[in-house]
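Here it is: the structure, laid out below.
Chain naming follows the written order as A, B, C, D, E, F and G, and within any one chain the residues start at number 1.
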Amino acid sequence: MPLLKIDGKEIEIKSGTTVLQAAEANGIEIPYYCYHPALEIVGSCRMCLVQVEGMPKLQVSCNTFVSDVSSDRKVDGKYDMVVHTQNDLVVQERKNILEFLLLNHPLDCSVCDQAGECYLQDYSFKFGNAHSRFDENKRVRPNEFLGSQIVINHNRCIMCSQCVRFTQEISGTSELFVEARGYNSKIAVLEDNPLDNLLAGNVADICPVGALLSTDYIHKNRIWNLKKQPSVCQDCSVGCNVDVFSQTDQILRLTARENLDVNGYFMCDIGRYGFHRYEEIDRVLQPMVRKGDSFVSADWETAIQKTIDLIKKNKSNTAGIVSPFHTNESNFLLGQIFKDVLGSLPPITGEEITYPSGFRISADRSPNTRGMNDICEGIVEDLASKIKTQDIRTLFILDDGVDRKLDDKWKKIIGKMDSVIVLSYAMTDLAKLAHVVLPGHAPLEREGTITNDKGRIQWLRPSLPVKVESKPDWEILMLVRNALDKKTEHFVELGEVMKKMGEKFENYAGITFFKVGNQGYSINGKSS
Amino acid sequence: MATIVKSYEPTFWDKLYLPALMRGLIVTFRHFFRKNVTIQYPDQKHIPPEGYRGLHRLNKYPEGRIKCVACEMCSAACPADCIHIIPGPSPWDGGKERYPVRFDIDLLRCIFCGFCEMACPEEAIELTEIYDFSDYTRDDLVIDKEGLLEVYDLTKDQNYYTKKNLSKASSVNTSIDT
Amino acid sequence: MIVPLEHVVVLSLIIFSIGVLGVLFRRNAITIFMSIELMLNAVNLALVGFSRYYNSVDGQVFVFLVMTLAAAEVAVGLAIIIALYRNRQTVNIDEINLMKN
Amino acid sequence: MNTFKPVLTEHIDQKDCHTLSFYKSIGGYTALEKVLTMNPDHVTQEVKDSNLRGRGGAGFSTGMKWGFIPKDSNKPKYLINNADESEPGTFKDRLLMNKAPHQMLEGMIIAAYAIGCHTSFIYIRGEFYQEYKLLEQTIAEAYDNNILGQNILGSNYSLDVVIHRGAGAYICGEETGLLESLEGKRGWPRIKPPFPAIEGYLQSPTIVNNVETLSCLPHIINRGASWFKSIGPEKGPGPRLFCISGSVNNPGVFEEPMGVSLKDLIFDRAGGIPDDKQLKAVFPGGSSSAILTANEAMDVMMDFEELVEKGSMLGSAGIIVMDETVNMVQACLNIARFYAHESCGQCTPCREGTSWLVMMLTRLINGGGKPGDIDMLFEIADNIGGLIDFSKGSFGKTICPFGEAVAWPVRSFVEKFKGEFMEYLPQEKVVA
Amino acid sequence: MSLSLLFYCVAAITIGSAVFVVLNRNAVYSAIALVLCFFSLAVIYLLLEAYVIAVLEIFIYAGAIMVLFLFVIMLLNLGKEDALPNLNYLQRATSLLLVLLFFVGIFIVMIGDQGLLHQPTEQFLAGGIYPLGEALFSKYLLPFEIASLLLLVALIGTVYLAKRKV
Amino acid sequence: MKSNGKPKPRFTFEDPERVEQIFSQYPDKKSATLPLLHLAQSQEGYISNSVIDSIAELVDCHPAVVMDCVSFYTMFYTKPHGRNIIQICQTLSCSLNGADELVDHVTDKYKIKPGETTADDQFTLMKVECLGSCGTAPVVQMNKEYHESLTKQKFDELLAEFE
Amino acid sequence: MDLLGFTIILVKVLVVFAATMLGVLVMIYAERRVSAFMQDRVGPNRVGPKGVLQPIADGIKFLMKEDLVPEKVDKPIFILAPAILLIPALMTFAVIPFGSSINLFGREIALQVADVNVGVLYILALTSISVYGIVLAGWSSNNKYSLLGGLRSSAQLISYELAMGLAVVSIILLAGSLRLNDIITDQQGSFFSWNIFRQPLAFLIFLIAVYAETNRLPFDLSEAEQELVGGYHTEYSSMKFAMFFMAEYANMITAAALTVTLFFGGWDVPLLDEGSLGLFGTLLSVLSFLLKMAFFLFLFIWVRWTFPRFRYDQLMRLGWKVMLPLALFNIFLTAGYLTLKALG
């Protein structure tokens, strides 16, 4: 392996990596704009210039590859390459490049939604000059909509062309292009081909400045006010890693989080804007018990007791319905309560889309089908017929949530039940049919693990505070189970449920949040 | 080189202190007859000097547009955490496409340090010379955007406490009552 | 003289007795001291009474001298008490028995 | 002096000099015949031996460039004739295409043979419509006479030549920009490495040579490398077409050996300056080279090394002469405007810097000069193109040499004619 | 007659406050009671036409000595005494008996001797400052000087005691 | 946003053989973009959106990519222009030899500024950078032809030819 | 004693009491106004014309305020203390003659509540009593600051009482009497028979001691705000606090009256025989007494707003090391002078 020396630090790294990657991996900061690990290298921003000993010119570190050199050409007899990222020449160069970048960049950080996570802002602060020598008028162009969700502020654009390359290479839709050349060049779309693909939101993410903005977040807040929580998208079974940005109890936006094993660097707009679904829902905040045609709120004790009574009335004719929207832990606990009959409602599907870059939107629009199947023993294929044959009179249902639209068939089946207990966060169609509604956590409040369709267990982290009297799903199920089976398995926290789950299912043995971490843990390769 | 400072050697009269005491008495006695400087506050208003940090205002452009772009630098800079802004797209054209939908300042938390003024990149928030704002409830002392703009109207042309405006003295209270 | 001498003397006697009782009963050095003052005053009273009865100034001179004495005594006595207190953190004379053993 | 007999332009004054028959009559395609019998490596070696250096501007050794072509690659190899002559002050290729297209074509075939290429392109400037038409004719003629196509001249070597028109972009004269343009994209130069000789047109090994360079090849083959080497200085030998334009009585293209003195070129060949005006400044190698003052120009020899020593370069040998009446600030603006217009806009310094230069110079000319502007011009120029220090090599900051091409002339203008720039500044500053 | 009534009233106050002094467990209260006692004594002196002594009583006893007491009490932060100490009954009873004997003895001597209440008749002339002054500085000059010497010694002793630890 | 419902005008090449020939010359389709654009422009006068769409279809890529290419080059006009284009070189040699006067001349004569078209659509005046004929400066390109070493008089004569 | 005599005494007591209380009110007003003027301010000017009713308003305010007795105080003493302070302050005035005598109901009535032959001693005795008020207030409040204030104050009073007494001794020596009327008579005649001219040193010592005795600046260490919050009256509120307040001013009035009596000829108008002028003379004498007193009261205020507070050790040093020796020296001088005079 070639041995590098960057700023006096010895680094041994694989041949063929770039200096930029080598430096980044070793905590040496080299600024850049046009480089993106998932995109083709163009080296146009010139921000990452470094000095490489033995080369007359400064080199762009994003396109300078590390390789073994013959021993007689090694520097100091041992280094294959000696790089300076901090010397006067480089520092001065960065200043100059930043000066150029800021020539026509408006100083409207105060208005710009990127402020706070803007590379131009950060680098100007770190490396730039304090004052601009530019006396002339800045180039001013009006904002344009590139697509229904993306607006471009041409003035802020620094022509890194990441967005153009994104549409060409990742989404393969090539809506964006650079119009004209030189001083007049700008990012544009053809009038009849706007940027409206399902990955469009990513261009706002990758834009290093505030030129490309998502209309969904524009002028909503400032980034430093928001809490950033790494989590997992729950809108399809791919399970893209996301960062959830929230303020107090409101989610403001989702951005993709890097996970090369799952989603790379991007996410689709279905997931990106999916959180809006939960904003205007009829939230269940207290346990509800049916009284005639309407519900009355009850406290937890009565609700649980009522649940137990209903189940006990015809214990052998009770079925549990697990949900691919819930975490492994909730499904596991429900599965343990109703071992005899366990099933799930018909899957919620959409269009399966695979982009040329390999990015995928799964047809299965529920996040945890794989996990649900893994973790529930004896889950029946055709629940409807099973209900008929076994004369099921009581159902305990984990509600899929707002996405579930009950068809008439199921409405009929559920309507015929003696008693229905639903664990839900909202008054969905399903919950309205229930006799007892137990308020659980909404998707972005839940904690637990989910398994994506490729068998990767990922950590679903709560991004919002708990609402009023709702309890974590696993805790509710634990209470029901304890009361029903006279058990005293008291789980204080989710980790204990996971442990229990591991004891039962070999694939999930030894899974902890620590092990899952931010990047997930793959159970592929293990026999299922 | 150190300079040697000779300590003052008190004279006999100094040690006696009496002349000094007399001088002191004369000083105060002279003041007894001087013109007094008291301002009869509610009747007369003190006109604060330039740079006085009193009630806030939100500045407007001559054409009526709010200068504030809701960048929240002021709320970030505020040591008392008394500024709360909800931004939104601006209803005006041209350039600054963001403006505060809500802009609340909790005057009871505010310590009038003026950091918001310093942090403001648009020179939108400014502390005026108004010092006599008071109210009966805590809620009434949270001044909102409309109130702040009203303060601007009251203070943009001249010092709030100059004669012409005095008749409006009560209007400040109503302005922040909102 | 508005009252008979005996009444004055009896009063003096009573006060003196109270003083004695105080000295005997109380353990607090300060209170004892005050009781002593009481006794001295009783004596003064008697002296004044006699002086009045005999229409002589001598009694008053004695009173004067007693007062002087009392002042001196109090000054020294209290100083001793303070010094004691400093050393032993108490003014209970039962506990101040350094020289007893 | 006049003992030199033009090589490339020997016959350009003659009638129908562009036709195949004429070219054949002066011994055309004999070199090709000779080459076709040779091992391609030997051809490369011959060219290497001749020390032929690229005539396009950079002056890189042609033979060496060919040598970079990977021998064991399975990919097709391409030869591209760079006829995208856009450098201000240069018009030699147009002349060669007009007057001696077959000479160029022969050179192309030789080069293609040497590198093992079977499809070759002529990337001609979009504006050269007449030349394009002429070349189409020429190629048709060549196909008709089995000079192109399958089994050229009976050998088992075949070659197709395609004329590709550019569409008006100076930057497409840069080889990677040209390749992009050829691939049907915008002419944004590519980042190097990889170099075109390894991964060029369609990721295949590609050689890009200038028209004049290619035109030299038949003569080298015919007369031998040593003959070629004997003309002019050893390090950069050969005949060279010097284009003289601007304030001269007799502008045009003059073929002289390398190392001819600039004074001779201007005053002897180009007939000096009209109206007996004084010489003021000269661009020795197209607008991208650093300008020379009259004094410097008087005793400079036109060869690669000496001009570099003088702080300029031979470049494309487009000599632009400016007389004393020329306003150097205006001239500088003119050049800067050209570059701002032609900047591709890919890299930051060039995209932003060139327009800044234009804005500043415009302001200067419009009387808005400020103290410190001159230093700033210097710095901006440096920031675009890099610190110009010929002794240590230049420090380019952009993907292609365009940045340097902007920086050099502007910098030299400001440096050498500071006085004139000073006049545009507020007066008290001049005194100070 | 009213004045003699006053005498008995004041005497009662005197005795009451004296008892208070002895019985109260709070030193501060004792001191205040003592001051009250001195005041009533001063009134009695006035009634006995010994004006100078009366004023001196207040001046010296109340004004100086008792302040000193208070000062010390506060300085030592004595506050309340826990309880009256347990008494050695034999000792105490004996003492009490002795006092009573003394008291009774004098009473008997006084009454038994002549059986009359002694009441001076003539105008008292020695109550003012002049006679006292004259007596002090002539007849009793030596005791006076000795008294002042005593004061000096007390002064020095006090300073000595207060200044350093014993 | 799909061109607001109107049927999109389609562009077809008049000479499909020429198109075929162009494609045959290049090893890949994309490379034919420029020649096709040239061809289309000579047929249509400028590059319209329909031209871009059909070329994109031909070379098998997204229209935006073609547009990206078109917008880069100065010789492709995305808007209609006059019947004749006067392009006057502005760069140093020509400028030294009086190109500016020629521009002024046209401006005076036809009352058009650089970049504008005469009212009768006869001429469009353009200032261009170096045309590569510096030895014969000043040079003017009328449509595709170069006209070199012009003087005002010669220029007038030349313009008269086209009027 | 007949009824008339008793009535006359009662009236005199009432008059003196009322006058003193009125004086207190006036002083409260005066203090605020004068201090305001000295600081170029206006002072109270809202209640009544020129704010003269301000003290009444203050008094009403005091009355209306909640009378707060903190939990841990020694209640009886806490309540008693202000009274202990106020009563001696009011009693002192009894022996001070505030005018020559008048003839009413066929009697010559001295304008003095009680003509005590040991008047000076009486005054000294009473002033020494006022220490209790302060000390007890300080102690009973169960508060560090109060206690410290009380202790400081009592030490200060005792220390300065000595110097004050000794200063007065020299006057007594000159007058040959402890009766205040005798002292006044002794000073009758020209200006220069006033004791201030005969005993300037004694006057100085007396004046300074008086400031210390009344706890006024520059000797108000017992309530030094910067160190002790409010000193001995920190815990007091409402009327109890007002009593402290009144006591302070009553003390000031008494002190001023005493100063006038001892050193400025009392009610005597120099170069004038008041007795011969009848009622007018009496009025004149009262007026003269009041005027002289007013000056000293003004001086109190004046000094307060002029001088900074002493440090405690400075105060003690001044009392013991400067004032006391000086006073003794002064007595020595006076005695020597008298002896020489007696010897001829």
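Convention: a residue touches a chain if its C-beta (ideal position, glycine included) is under 8 Å from a C-beta of that chain, and two chains touch if they have at least 3 such contacts.
The shown structure was predicted, so the numbers you read here are calculated from the model rather than taken from an experiment.
**Q** Hopping along touching chains only, can you work out the least number of steps from subunit E to subunit G?
**A** Shortest path length, in steps: 1.
**Q** Which other chains touch subunit C while also touching subunit F?
**A** Touching subunit C as well as subunit F, we find no chain at all.
**Q** Remove subunit G in your head; which chains still hang together?
**A** Groups left after taking subunit G out of consideration (others unmoved): A, B, D, F | C, E.
**Q** C-E versus A-F: which has more C-beta pairs touching?
**A** Comparing A-F with C-E, the pair joined by more C-beta contacts is C-E.
**Q** Centre to centre, by mean C-alpha position, how many angstrom separate subunit D and subunit E?
**A** Those two chain centres are 130 Å apart.
**Q** Where the CA atoms of subunit A average out and where those of subunit G average out, how many Å apart are those spots?
**A** Using C-alpha averages as centres, the distance is 86 Å.
**Q** Determine the centre-to-centre distance between subunit A and subunit E, using the mean Cα coordinates as centres, and give it in whole Å.
**A** 96
**Q** Of all the residues in subunit E, which ones touch at least 2 other chains?
**A** 52, 56, 64, 75
**Q** Give the residues of subunit F that touch two or more other chains, as numbers and ranges in rising order.
**A** Each of 65, 68, 71-72 in subunit F touches at least two other chains.
**Q** Dump the list of chain pairs that touch, please.
**A** Pairwise, the chains that meet the contact rule are A-B, A-D, A-F, B-G, C-E, D-F, E-G.
**Q** Please give the residue numbers of subunit E that touch subunit C in the complex, ascending.
**A** Interface residues on subunit E, with respect to subunit C: 3-4, 7-8, 11, 14-15, 18-19, 21-22, 27, 30-31, 34, 37-38, 41, 44-45, 47-50, 52-53, 56-57, 60-61, 64-65, 68-69, 72-73, 75-76, 78, 81, 84-85, 87, 91-92, 95-96, 99-100, 102-103, 106-107, 110-111, 117-120, 122, 124-127, 131-132, 134-136, 139-140, 143-144, 147-148, 150-151, 153-155, 157-158, 161-162, 165-166.
**Q** Which residues of subunit B touch subunit G in the complex?
**A** 21, 24-25, 27-29, 31-38, 40
**Q** Mind listing the subunit D positions that touch subunit F in their complex?
**A** Listed in rising order, the residues are 76, 85-91, 93-94, 119, 125-130, 160, 162, 164-170, 181-188, 202, 243-247, 251-253, 283, 287, 318, 320, 322, 326, 331, 334-335, 337-338, 341-342, 344.
**Q** Which bits of subunit A are touching subunit B when the two form their complex?
**A** 107-111, 115, 143, 218-222, 224-225
**Q** If you look only at subunit B, which of its residues touch subunit A in the complex?
**A** 69-73, 76, 87-90, 95-98, 121-122
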